[in-house]
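In the two assemblies presented below, chain A is common to both, partnered first by chain B and then by chain C.
Now for the complex of A and B:
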């Protein structure tokens, strides 16, 4: 009995699951992404289902609710967006694609069919390449080929809870444009799947054609999976990355268990569709209940016939792609760390951010350029990144100031000038941090209205923030001795003996605090070492 | 549709012009006069061979409809098929190509990049099609509704797709 239960259900995967070489996993993905066109796919009603979630059936034209007599009219913005994506993925765009009807009956699809592209999809071929260095996969490089990309309409939204009498239907989402991407079954590790989704999501956001958010349903992922060449199982209803990951692991383990028990022929010989409950995969459909979609060309829509100059035109307007930007940032003259470079190229969900990734990237690039102008050659290439990513963004988050506002007083030229003051040691790093916070906080207090240019030199003089490079040695020794007097003898002994070597940084910190950041850390450290008799 | 076809046949076969209509009443009388009989097109249920039961079961399944009185469905479907066959027998202009029997022309001129960009820029909403948000309350005509939502009876839809 126990054995039977194991065969029909599957367990949640533990963290470090091993994909066993004798049980080969093969996965393919089908990813639906809502295009953020202004209007819907076959009508000009507003495409904004996410923000209208509390206002059901608000963005609905006669066609969206399928009133008899209404006809579809293609929104070419969806074609433009699809072209951008297909070119970025190196697909072969079909200059003569067509829309077809896929029939199935469901409450949130009042037409009785979905308009999709079945016989002549928008594009075929193409690829997305992942790299170990950039995408955190185990292989040096992994190429995932794309079978096809098609444009289709979304359905309405069904709400099962909340009504005693039945299912609630909201058609704000009905007829929203979707892009469906189908990959070849070339994934053999869950890490590759997650990396692909992340990379594809970032590409959609980078091209500004979709929010790519899994949480809002703007992106939905179905996984096709098979083990050792058995029939494929389609996993549906996977709301986020962890569900996708866990569902793959569970389904893999379920199939491995079946194969180990010698039941593969009985249980894994026919395709199946399974859902995810959060802890196990459950059967939704098998061959007996497969739906015949009765595809037919849509007689109300002409073919989408494009001139080849559409390809060159769209290509000329494509932005530089994320991988190219990432590689550029990692190389000279920028020489950024991978972590920082990713921060400038990974487009996150845009609902709550104080800045967009392209905005930040542009700010960095321009600041870097301005900083270079002061110095001629790049000696400290990491200085702009450190100050923008860690200090400036830290302050913006703390003070809740959007980058676009901050740029009004701290444009790249001004920020480059500020960085130069630090580089030239006209101000210590510690004082620089204080000054940056002071400037931003003042601007916020003024309600972002005080747009007078910042005179850093003047502020440094006014608040006496200039570093004490020429500190009187006796005075410096006095400060250090004063600090050492307040320290426990044991700590002193441990620093001298080397037992707690790093404790000297604590002493330096005390010195910085006492001098309000005006004495440079190395100067303090050397003095402490001299007093304690530690060799440099 | 049938009326139009019949009317054109009359036009082709006869050159006579009818008597001038003299009042609205005359027009109404003319239009309300039957020119064809439903019986000509609907077959007699008594004599129609019903559609095979297996065939009906398959079609119901494909259409997502529940099985009920299959004998009745077999009979009704047969009548409907006979009617459709009659329609197919209507004589149409032989020069027309069946592929063009569409609501819209299948092919169109190639769209250039400039035209595509223009189409994207020129998007506008049409009130005649209710494309402006909030233009109408689309649930106002629904029998079942709940706080702005349409309601579909039962929860049987769950997990279908």
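Now for the complex of A and C:
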């Protein structure tokens, strides 16, 4: 089997830290993201290293394992994906970029070099802007400029577990397309860093070019950091957001301590690379052991030539970007809360499979539109949010029904009608909830085959769910008295004395249950108060 | 070729192998593979240079590092030949990974020149076994590879035809890279008709090779029609008229010039000043590419492995890599030196720039345009270039090794006439000259004008 030395390090605890104005933090990020193209970057192998983790070296072609005599063939889907990202980030795309070889020996890198873009990268410039109102940062606005974006190969994976003396190599990941984004060192605190990663991750998912998942290694973040203009320290091996956060805080604290002790000259004048143990940063490499990568233009891969027409075409196909959608949802007529609007624009990791964010967003927008048709401009904007995001999704989760299935019977038009029935009080909210669950549950029971259109008005009539606005006075009184007879005197006294004011809601609930939600709550409450002699 | 004829050739193989050390491995199944059929190259015997992968025979590049390596697939050129009815007789000896011009740097030992029976004479490299196989008549033709002259030099030393097509016309898929911006598959044979037949079979676009010339570009290649004109204009580069070439060798060139003039063609001097920088350009670029290509032989995957010393911390060059031969090690070091961040700009990039200038100068002497550069052709330009293939006849093995041991530069100089064409990717052929064993002349055409080169070669011999 393959043998490579492991690196071990000792551990040390770390405490909390504050970012102090006299110790100025400067941070930059290098983010590698796997593109979810169908095939690998330079071969026709399937690009699916995560799901094939239990089948090591399964998705490998002769080129992926670097057999002598094999040659790379560029997968233009990766170029398309990179173009989408660069256009979304307003980068200047190089119409003649080129691939270079970066040489270093490692067991999981069978070529002995990585094919990357060093001398003429795919794109330069560009930016990602964060806002206090949208991204939870302290500044009103923070612009992070991009140095460059390049396309490159991923390496294989070294597995250290399961073998005492050796390393296992899995080349499923070898030659998977990566995109590397390098930012300028413009972050001043850790909140900005976390917000950027979140926002960039969401953009990748929104453009459908990467899962953006940190936990599967589909996205990997390296941090460059310096304090008060001292030499730059690179932090590597940060597997998730919390380790990125904690490593920055720890390293900042370490450097502040060094500066305070007056040892900056001695300890912080040369760049180094440090790793993260989970509790502290440890030195991996310094200048003396830096590798000279001996970059060389690849002698057989042709230049990546693009015409500006092609890019114009890609740009015109780009979806509306998350910030624009978010801003739209926050303003009229949608007027959503930030929390709800984020739910419609934040693409979750690939694992939730009942609905995708764009799918939900589209359902929301269309339903909203249908709902508005009934009522012109005077509408209650919170109603669709409550019923779609909370009631509908709640039911879908409970019943494990994918949105794509549910919308076969509940298309935006039907759901808009349903919302209108609630809005017009043709059905009470309580009855509405019951009815929605009933309809979905029936559909599921039918194995999603009963595709008959839903006639809510008919159902309301059939099950007599229309609210009893004109309830017979004596009948109402009778119901309420029946309920009151069922509770003990202590409770009655406490309600009347005001000791347990809210207990009246319990009575109202009983009333609604008895009437299957058809009697509106205020009507019941008033009747109870009248009987008990409580003033309004 | 008749099966009987092929069997006769085979009957001599053991004897010739023992005498000249032609093959690194021999196909033991040939007799079964010879079957009557009506394919274009039915039952022709071929020797394949041992840096072109074959799934039935090992592929070692004559290197200890690839000892016993067997490829799971055939190179495209091998597949095309097999499909045309050719039978592979064996893998031919070579200078390790194509690095050398004498055929002496091989894990399998020196290949000797079958044209010289009285003493041990160098056969030329790096396609040493391929030329020896053709010269000794054990095959009908052989495939070699030519990076800086590796097909043309051994062809000249064995008085055979050695054709290096334009870069990109024959697929390199399955050719183990030495320096792939230069590597070209070539054909060696005694019969120019045979070269044409084989070339027609192999001259195809291959989607697996990113440097394969596309069909679109192939269709733009200079048309043969314009070249069937009776009178050709042939240029002789002044930069090749070196002082230190012996009278005997020069007189061979004169013989050919006389013959060409007799046939009514025109001969004129041309100047390509950048030719004089060819050697430094080549020996900057090729070893850099080689260092990069050979880094996959890292001691983990191929051949012998030193399990003890390889895993010491900070081991930069694993002991396993000692399995490379001396010349390969030289070039890996030279290549890495030129790729180091401190030297890259001044060495590698400068060499790349000069290489482009050289191509422009070539374009400026030809009468037809270069389909890759789109440089304007010269109005009264030439159709072909003529020069010697080598500076001397083949030296004895002892003499060659002695010179080579003093400084590798002595053997690097051997490539002076062949390297400029490799840098420009031009089609060229070394042709034998009657009554002058071991000396060849080289015809060179504009890029993609391979037909003109082959046609002229037929006319001038």
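The definition used in the following text is that the second predicted complex is superposed on the first by the 460 of 536 C-alpha atoms of A that agree within 3 Å, B and C clash if a C-alpha of one lies under 4 Å from a C-alpha of the other, contacts with A are read in each partner's own complex, and residues count from 1 in each chain.
The criterion applied here is as follows: a residue touches a chain if its C-beta (ideal position, glycine included) is under 8 Å from a C-beta of that chain, and two chains touch if they have at least 3 such contacts.
Computed from a predicted model, the values in this text were never measured in an experiment.
On the superposed chain A, the positions of chain B and chain C overlap enough to count as a clash.
In the superposition on chain A, A:339 makes contact with neither chain B nor chain C. When both complexes are overlaid on chain A, the residue A:158 reaches chain B alone and has no touch with chain C.
Of the two partner chains placed by superposition, only chain C is touched by A:101; chain B is not. Looking at the shared chain after the overlay, A:62 reaches both chain B and chain C. Looking at the superposed arrangement, the partner reaching more residues of chain A, out of chain B and chain C, is B. In the overlay built on the shared chain, the residue A:113 is in contact with chain C alone; chain B does not reach it.
In the superposition on chain A, contact of A:535 is made with neither chain B nor chain C. In the overlay built on the shared chain, the residue A:168 is in contact with chain B alone; chain C does not reach it.
With both structures placed on the common chain, the touch criterion links A:300 to chain B and to chain C. In the superposition on chain A, contact of A:400 is made with neither chain B nor chain C.
The clash between chain C and chain B in the overlaid arrangement falls on one stretch of those listed (62-70, 80-88, 152-160 or 170-178), that is 152-160. In the superposition on chain A, the residues of chain A contacting both chain B and chain C are 62, 70-71, 105, 107, 292, 294, 299-302. Those residues of chain A lying in contact with chain C across their complex are 2-5, 62, 66-74, 101, 103, 105, 107, 110-113, 289, 292-297, 299-302.
Note for the complex: chain A touches chain B at residues 38-39, 43-46, 52, 55-63, 65, 70-71, 75-77, 79-80, 95, 104-108, 158-160, 162-163, 165-171, 236, 275, 284, 292, 294, 299-307, 309-310, 312-314. Those residues of chain B lying in contact with chain A across their complex are 62-64, 102-114, 116-117, 119-120, 123-126, 129-134, 137-139, 144, 146-155, 157-161.
The residues of chain C lying in touch with chain A in their complex are 52-53, 59, 61, 66, 69, 71-73, 75, 172-177, 179-181, 207-211, 288-289, 291-292, 294-298, 300-301, 307, 310-311, 313-314, 336, 339-341, 344, 348, 352.
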